[in-house]
Every structure is written in structure tokens, then in C-alpha cells.
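In the two complexes that follow, subunit A is the common piece, with subunit B as its partner first and subunit C second.
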Partner chain A sequence: MATAYLLLAPATVLLLGMLAYPLGWEVWISFTDFSPLNDHGPRFVGLENYRHLLADAEFWRAVVVTVGFAAATTLAKLALGVAFALLLARPFRGRTLVFLAIFLPWAYPASVSVIGWYWTLSPPIPTAYSPFMGTLKYTVDGALGGGAWAFLSVTLFNIWRGSSFIGVFLLAGINAVPPELFECALLESRSAWRRFWLVTVPLLRPFLALAVFLSLTTAFADLANVWLLTAGRVVFPVVGTQAYWLAIKGGQFGPASALSLMLVPFLLAVLALLFRAFDPPAEARA
Partner chain B sequence: MVIERPWKRWVYFYIPLTLFVIGTLFPFYWMLITAIRPDAELYRSWRAVNNAPFWTLHPTLEHFRDLFEKTTFPHWLWNTFFIAVISTGISLFCGLLAGYALARLKFPMAGALGTSIFVTYLVPPTLLFIPLADIIRNFQLGNTPWALILTYPTFLIPFCTWLLMGYFKTIPKELEECARIDGATRFGAMVRIIFPIAVPGILSAGIFAFTLSWNEFIYALVFLSSPERKTVPVGVVSEMIRGDIYFWGQLMAGALLGSIPVALVYSFFVEYYVTGLTGSVKG
Partner chain C sequence: MAQVLLKDLNKKYDEVHAVKDVNLHIRDKEFIVLVGPSGCGKSTTLRMVAGLEEITAGEIAIGDRVVNDLPPKDRDIAMVFQNYALYPHMTVYDNMAFGLKMRKFPKAEIQKRVQDAAEILGIQDLLKRKPRQLSGGQRQRVAVGRAIVRHPQVFLFDEPLSNLDAKLRVQMRVELKRLHDRLETTAIYVTHDQVEAMTLGDRVVVMKDGWIQQVGEPLELYTKPSNRFVAGFIGSPAMNFVDVGIQGSDSSLTAQGTGIRLAIPPVNASQLGPYKGQRVTLGIRPEDLHIAAGGDQAGYVFDAVVDVVEPLGSEILLDVKAGPNSLVARVEPTVRLKVHDGVRLAVNPDRLHFFDMTSEKAI
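After this line comes the complex of A and B, so read on.
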């Protein structure tokens, strides 16, 4: 028993120090007016920061964008990821190349591949198709309102990148299923659609749950990609970029902490939903 | 693939697949073309005669040379490598021990601890970068590699632990019991018997951790400030875009070179990676 605690100690110490403590600190700071620019230390202001946020129209806009973004990308990533996994699960000519095409977007540093995307989607210097992309951008923005194009391009990028990881993850899951089960299913039903829903999906349940999970949390928190594609401009406010502006550029740690903690209820809701809908991943594997 | 007429196979399978592969790989191709295109061609009007947007007849390595001579790119490469290797090492070490304990040893709260380590993986950096920025400042670690080496494990350890825990569970207990009967200590059996068998899982976790820390952006953006201290993902973006001026050629050259290590790691180990993941989820 002592051995167990000894073995767990390094991980626990690091996680407590660099994760639990900062979170606790953040909760405390969100009730204060702390800022490194002030002379005085943090001063308790109660729920002031939160009250301020809830009355702020910009905040609600960011929430709507964040939730819409998370939902849209997760659905698309899941659908594509399942398709990739099923595709790669069988041998065919050219599988290696397809594997590469699916896996590269995830393995490639996002901040770098995002530049390739930026260049592809909004060519800033005279290239052959920049007039075309310009027209497309104005049409989309005109039809759906300002910022729609930015939303679309960030969403596309996120899907491009995220579906590849989910695909490989689910492939690992399919490999773990004994092939006899799929063979049995083939004898039972001729409809590929029925086999998919009645056999493949239930068998992959724990993986699907985890994939949804990871996808939602990364989308809620997708600060980096949004930041990179829009240079943090106001056209595409998500909760993450707003918090970044407030804290790092504005030095307003108190309100920024409150802002990013507003993500917690969403994350907890997702967590609860998934633990209810699927078996928790830790148990399901046994 | 059910056996069908060949033309059907082409129409329904290979042609869509080819389009898809071209589509996903296009941004990479585009980066490559931009990186080797001479400036004169890059900044030419799209109405110019002989304009060939999708290829170039005068490939040049000029941008790559500029990258090494005029920027601190070599520093970024080394920083990124150093940080990624050390933080991966720390996370693997912690993950191995914790994963083994959670998979093999019986002690009160084992289940709860396992779940809570897993749940920490779901805490997004967006929540953490504000308080971590303050901690880093208090310890005066800002603008040093240690700021990142200490913070990266927060998202690496949970995944490594979870993956390795699953992998250890697939290894039959009898192997270890035999070693114990032959006189090995619990620790000896763990290091000499279990760890060697778990190599695919360890590699898989290591590759995953290495990629994540190589690609990490937010913490590196927040905690590092001077140009020669930056990592590749942050350096390329922040130093080659000055205001509204984009140094496209160098930007793309940096983007290509900066990801070669990760691409290499994957091309050698991708099958291991999938096997490792499979093993760990099978358990």
C-alpha cells in the first residue's frame, strides 16, 4: 500500500501543484479586483466580476459563438472520425497514403498549419484566386452577417485537424474488437447501416464517449486556433480569446478569471451528460 | 469492400478518396510551393503573364537560407526540442509509475484516484493560463524554458497515465507473479518484467506527449517573450508577421522545417502508435 502511494506521488504532486492549486487560485482571484498593474494586492469584491459579466452583451455573444462552435465541430469531427476509422480498418490499395493524409493534419503543429490555411482561405497578396476568395468572403459575410466567414474558416480548420485524431483513436478502438464479432454480424444482417448501428457503435461506445469528450473540451477551450486564424480580432469572440485579451493584454486578472471560469458549468454539463449516456471510460475498459 | 464491378469501385471509392486526399493535403502542398517560390513571383499581380499560381518554374532555397541567417530560427528549433524532450521525459516517468500503481496495486481510493487523474486531462489550458501566468511570475520563471517544462506535464501526465494504465492491464499478472516467486521484489519485477513488455505502450505515450509539447501554443505564447527564447510554433507566427507584413516565403519555410521532427517521429512509429493505443484500450 505504501508502494502504491509512493508510485503515485510524482504525478500527484505535479498535478496538485500545477493544476489544482492554480485552479483554486483562479477561483479566489475571480472574486477580487487583482491586477499586476495595481499597487495594492487582491481586494475582495464579491460577485462583482460575475455580475458585470452577466450584464455584458459581448460576453453573451462570446458564449453563443463558443457553444455553436463546439457543437458544430464536434458533430462534424465525430462523423468524419468514424468514417476515417472504418475506412482505415480494412486493407485496400493506397491505404498508407490515405493514412498519411488523415493523420498529418493532427501531427502537424497547429500554429504552423494554420498559416497554410490562412494563406489558402484568404490570400492576402495578389495570387490567381485571391479575387475569387475575396468575393466568396464578402458573399458569405453579406448573407450571414459579419464574422461568418471567420467562423466558417475556424470551424473548417478545427474539423480538418480534430477529425484526424478522432479517426486514429477510433481505429485503435476497432482494432481492439475481436474480428469474429464483425463476422458474426455479417451473417446476421445484410444491411451495412443496421450492422453499423447495432454492432459497431455499441462496441465502440467507450471510445466514442471519450472522443466526444475531448472534442468538446478542446472546442470550448479553442483559444489557440481562433487566435491564430483571426489574430484575436473582435470578429470572432470566443470566451477563450476574450479572457486572453483581458488578462494578458489588459492585466485585468480578476474579471478575466471570472470569464474563463464561466466555462466550467458548460464543461461540467458535458461531463455529466456523457457519464450518464456512456459508461465512464475508466470502468468500461475492464 | 464487397466484390463489385471494377468501374463501380473506381466511381464510388477511389475517385472520392483521391479528391479527399488532395483536399486534406492541399494546405501542405501550398506551404511547400510558397516556401520555394522566389519573391518576385510571390508578390506578382495575378494578372501577370505566365502567372502559374499552383506551381513554380524557378524553385529557390533563398527563403530557407534567410531563415537560418536572418532569424533566430535555429534557436527556436533547439528550444522546442529541449522543452519537448524534458517534459515528455518527466510525464512518462510520472505516468509509468502512476499507471502501474493504478493498474496493479490494490489500495483504498484507487478507482477514485484513477478517475480524478483522468478528469484533470479535461481541464483546458484556457482555464489555466491565467493563474499559471501568475505562478510563473512569482517564481520568476517567465521567459525561461522551465516555465514550459513545468506546465506541459499538466496535460501530458493525465493522458500518459491513462494510456499506460490500460496497457499494463493487458499484461498477464502471472508473468509478474512468476518473477516474484523467483525472488524479484515488486519493484524489480516492475522494472525488469513489466516495463520491457509495455514498450509499445510507452512509445505510444511518448510519441503523443512529444507531439503535444512540440505543438503547444498558448503557454508558449504567454510565458515566453524574447525572440531567441521562443519555440517554433510561436516564433514562426510572432516573428515573421510584423504588424500587417507577412514574410510569406520565410513563414512557410519555417513552417515546413519546424515540423520535420514530428513528421519523422510519426513516419517511423505510427504503427506502434496505433498498436499502443489499441493495447491500452483493450485491457
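After this line comes the complex of A and C, so read on.
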């Protein structure tokens, strides 16, 4: 027993030190007025930071944008991912090439591809297509408000990269299902649509739930890509970037912590539901 | 109820010619079994009937309809898969009702049919369970039930008992036979197990390398195999094969092998006449060998040495060596012999088989 705990110790220290401690610290700070600009240390202010946020219109805007961003990208990624997976699940000529084309966005380093997207959508130097892109950008921004184009590019990038991953992930899911289960449905119905909803979707449910789970968690945490694609000029604030501005640029660590923790209960509830879908309780098994 | 007609059926994949010129007339209400080693084309043939594989050349007719271009759903067949193919997210009831639901049958009709099938199969108590809560045998019954409720023209079975343990397999075999007697629906059954083929089939189709080797009633295949492959495939333990040369005069031919010499019985003499001076394959089934006694004619006995003794209770299998030849004899359980004992064996002269060396066809 002692040896077991000894062997577990490095992992335990790592988990506690790298995850539990920062999280606990953040929760504590969200109840204080901690700021490096203050002369004094963190002072407990109770729920003041949270109360202040709930009354802040900018916060609600960030929530709507964040949830909208997460929902829209997840839906789009799921739809595209399922389409990719179904396409690749059957043999055809050139399948390997198509597989590579679909997998590449995920396999390619994000930091490089995000710059590629940024330069494509907002060309930094005059190119053949920069007038066109420029016009497009000002049209979009003109119609939807400044920063819309940047936000749209974040969304597109997220979908482009994520649907690649979800497609390959679901393909693995389909391949794990015995082909007879699909053949059996083929014997009973001609309608691919009916077979898809009555057989494919239920059979892939655990994989779909896990895909949504991963998509949501990354969407909420997708700060780096937003930053890279918008160069920090955040007009459509998401919770993550707003908290960053508040803490790093504004020095208001207390409110920033509260802001970043605000959506956690909601996210946890959704994730718990999804978790049940991809990992059903053991007692249901024989 | 329907007959099934396979005409010049062929299936080619890129490199492999899996099914070659298969011609078969499956009669109405017949239980036909396709049997052969893996890769012989039996499953591919079945899947072409189901519509799960495209037909490269030839024609399949179910009833009086050519179904080549019909989608599987419209062929009026029901299939039972080796791994049962039950939907894990559905209850037994929903699994059995699946086909009818997909075909938009009225609810009451579905319920009646599922209840009837459940009763026939004795699984009324399991209807609310999920497949993972069932044993292998129960799952198999549900899979059969899902086929029954459809009242199809033809049942297709793809190795349905292969995933069961030996005891259950025997039990389910009997149940399937009883079920067929009761439902009287045409059935095509694929298996690699020759015992299943013999016990279940009204007729058995032996396949190898994509070709049909022989079609016949079980005992016909056993007593009159048309070639060496069928002779060796049907029957357990398998038929013994010995290379022999045909010698002597027309009136008294002998089969001379290394360490074994037998007179050619009069029944075989005329066919073997032309083979005089040539080599052929002699086939003897284990049960056509016995310990020689006074009544056995001198020409039909040979000496051997016991190699292995396998007592099975109801009988003993003697593995013996006659010269370089290994043979198996099925003898009375009262025989007491030890390894390395010498033994004189006699053949049943009416039941010898001879095969051409090159064509492997029965002579």
C-alpha cells in the first residue's frame, strides 16, 4: 500500500499543484478585491464581484456571444463532422486522399494555420485578393458592426479545424460499430434519412456526446485563437477574452476571476448531462 | 413462400473471383445449406441474395421476380447474422419490431406479430430487456425472432450458431429445425460446420474456391461424394485417403499402396479397368474399417500398427499406421488395444471410394 501511494505521489502533486491549487486560488480571489494596483493585499468582499457582473450589460453581451459562439460552432462542426465520417466510412476511389484532406486541418499546427487564416481573411500586404477581402470585411463590419469580420473569422477557423477532428473521431466511432448493424437496417428501409436517425445516430450517441463535450469545452476555452485572429482587438467579447482584458490589462483580478467562473456551473451541468450520454451508469449493464 | 433461382452467378472483387458460375434452384419451402471452408464464397452468395453485395454477373430470382436491381428492402427476405446484429440501444421488443416499424406497419399488427414470435421462441419474459442483459442463446433467439416477425418469403442465415458454445449450438440447431418444420419458409443457411449442414439441410451445397462442388441430400453427399474434396469435407473424422496403384488383370484388380494392398471389389472393377497401371486415390471412411475377424475375405484386410487410441465412450477412434499411411478407424468400444500394438484391419468392400489423381473426381 505504502509503495502504491509513493508511486502515485508525483501524479498527485502534479494534479494538486497544477490544477487544484490554481483553481482554488481563483475561486478565493473572485471573492476579494485583489489587484496589483492596490496598496493592500486581497480583501474579502463576498459576492460583490459577482453582483457587480450581473448588473453589467457588457458581461451579458459577452455571455450571449460566448454561448452563441459555442452553440453555433458546435452545431456546425457536428454537422460537417458527421458528413465527413459518413463519407469516409465507405470505400471509394481516392478515399485516402480525401481522408488526408479532411484530417489535415486538425493535424496541422494551430498556430501556423491560424496565421494562414488571418492573412487570408485580412491580407497584411497588397495581394491579388486583398481588395476583395477588404471590401468583404468592410461590408460585413458595416452590416453587423465593427469587429464582426474578425469574429466571423474566429468562428470559421474554429469550425474548419474542429470539424476535421470531429469527422475523424466519428469515423473511428462508426468503424467500431459492427457493419451488420447498418446492414440490418439496409434490409428494412430504403430511406437513408430514416436509417440515419433511427440507427446511425443512436449507435453513435456516445461518440456524438463526447464530440459535443470536447467541442463545448474547447469553444469556451478558445482564447488563443480569438487572440491570434483578432490581434487582441476584441469587439465581440467572449468571456475568456473579457476576463483577460480585465485581469492582465486592467489589473482587476477579483472581478476577472468572478467573470471567468461565472459560466462554470452552467457548463458543468451541460457536461454532466453529456457525460451520462457517453458513459451510461454501470448498473444498466448485465 | 418462394423458390430461389441462382443463374450463372458471379462475384468479382478487384483481385478476387469470389463466386464462380453458381447455378442453384432452391425449391419452395426447402431448407438449403451452403457449406464450405472460409473463403469458399458461401457468405458472398448469401449476401448477393440479400442485396448486400452487388452481382457482378448472372441473375437471382426470388419467387418469379428477378431481384438483381431491387434494393434489399424490397426483396422480401429476412436475415439472421452471425453476431446477431441486435441494436444495443433498443429493448428486445423494439429490436424484434424494428423491421416492421421501419416499414410503417400499424402498431397493433406489430404487437401481435412480436408476441407470436416471442411465444414460438419462448422469450416472452425477455421483451423489456436490453440485448446486453441476455445470454448468447437468448440473443440468438431474439435475432431469429426479428426475422420471423417479418413473415418473409425467404430466410437467410449467415452462420447464426457460430458464436454459441458447443452445447448450445446443438440445442439451437434442433430448435431451428423444428422452427423450419413449423413455418415452412424457404431458408438459405450458410455455415462452415459440416455437422450443421448435414443435420439441418434438406439439401446441402458444398462450395470451395467459389465453385459449387456438389449439391445433394445429406446422405447422398456422404455416400456418393462427387470428388475428393467433398469426400474429405463431409464426415467426421474425415475419410482416409491412400495413394494406390491399380494392378492385375481385369478379373482380379488390386490396389497396391505402400504398406497396404487391397483387392478391388467387383462393384468398382468396371470403372477402374481403364486406370490399370495408373495411380488413384483410395478413400475409406473410418467406420468402414474394423478389426479383422474370421469372416473377412483375405483380399480386404491389411496390417497396421496402433499410433494413438482415442476412447470416446460410445466408440474408439484408432489412429493407425500402415506403412507411411496414417488412417483412422472407428471401432467398437470393447476393443482393447495399446499404442504400438499390431492390428489387422478389414475394409467394408461395398463402401470403398476411388478418386482420379489429377481431376480428383470420383471414379
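Keep in mind that, in the parts below, the second predicted complex is superposed on the first by the 251 of 286 C-alpha atoms of A that agree within 3 Å, B and C clash if a C-alpha of one lies under 4 Å from a C-alpha of the other, contacts with A are read in each partner's own complex, and residues count from 1 in each chain.
We adopt the following convention: a residue touches a chain if its C-beta (ideal position, glycine included) is under 8 Å from a C-beta of that chain, and two chains touch if they have at least 3 such contacts.
The shown structure was predicted, so the numbers you read here are calculated from the model rather than taken from an experiment.
Contacts of A:Val199 after superposition: subunit C is touched, whereas subunit B is not reached.
Of the two partner chains placed by superposition, A:Trp245 touches none, neither subunit B nor subunit C.
By the touch criterion defined above, A:Glu180 lies against subunit C but remains apart from subunit B after alignment on the C-alpha atoms of chain A.
In the superposition on chain A, A:Ala110 contacts subunit B only, with no contact to subunit C.
Legend: residue contacts after superposition of the two complexes on their common chain; A:Tyr50 is shown touching neither subunit B nor subunit C. The larger set of touched subunit A residues comes from B, when the choice is between subunit B and subunit C. Put simply, subunit A uses residues 285-286 to touch subunit B in one complex and subunit C in the other.
Residues 1, 13-14, 17, 20-21, 24-28, 30-31, 34, 42-47, 51, 53-54, 90, 93-95, 97-98, 100-102, 105-107, 110-111, 113-115, 117-120, 122-135, 137, 150-151, 153-154, 157-158, 161-162, 166, 169, 186-187, 211, 214-215, 217-218, 221-222, 232-234, 236-237, 246, 248, 251-252, 254-255, 258-259, 262-263, 266, 270, 273-275, 277-278, 281-283 of subunit B touch subunit A in their complex.
Touching subunit A in their complex are the following residues of subunit C: 50-52, 71-74, 77-79, 81-83, 85, 87-90, 98-99, 101-103, 130, 132-134. Across the complex, subunit C is touched by residues 178, 180-181, 183-190, 194, 198-199, 202-203, 205, 284-286 of subunit A.
Within the complex formed with subunit B, the subunit A residues making contact are 1, 3-5, 7-8, 10-12, 14-15, 18-19, 21-23, 25-26, 29, 36, 90, 92, 94, 97-99, 101-105, 107-113, 115-117, 119-120, 124-131, 160, 168-169, 171-173, 175-176, 206-207, 213-214, 217-218, 220-221, 223-224, 228, 239-240, 243-244, 247-248, 253, 256-257, 260-261, 263-264, 267, 271, 280-282, 285-286.
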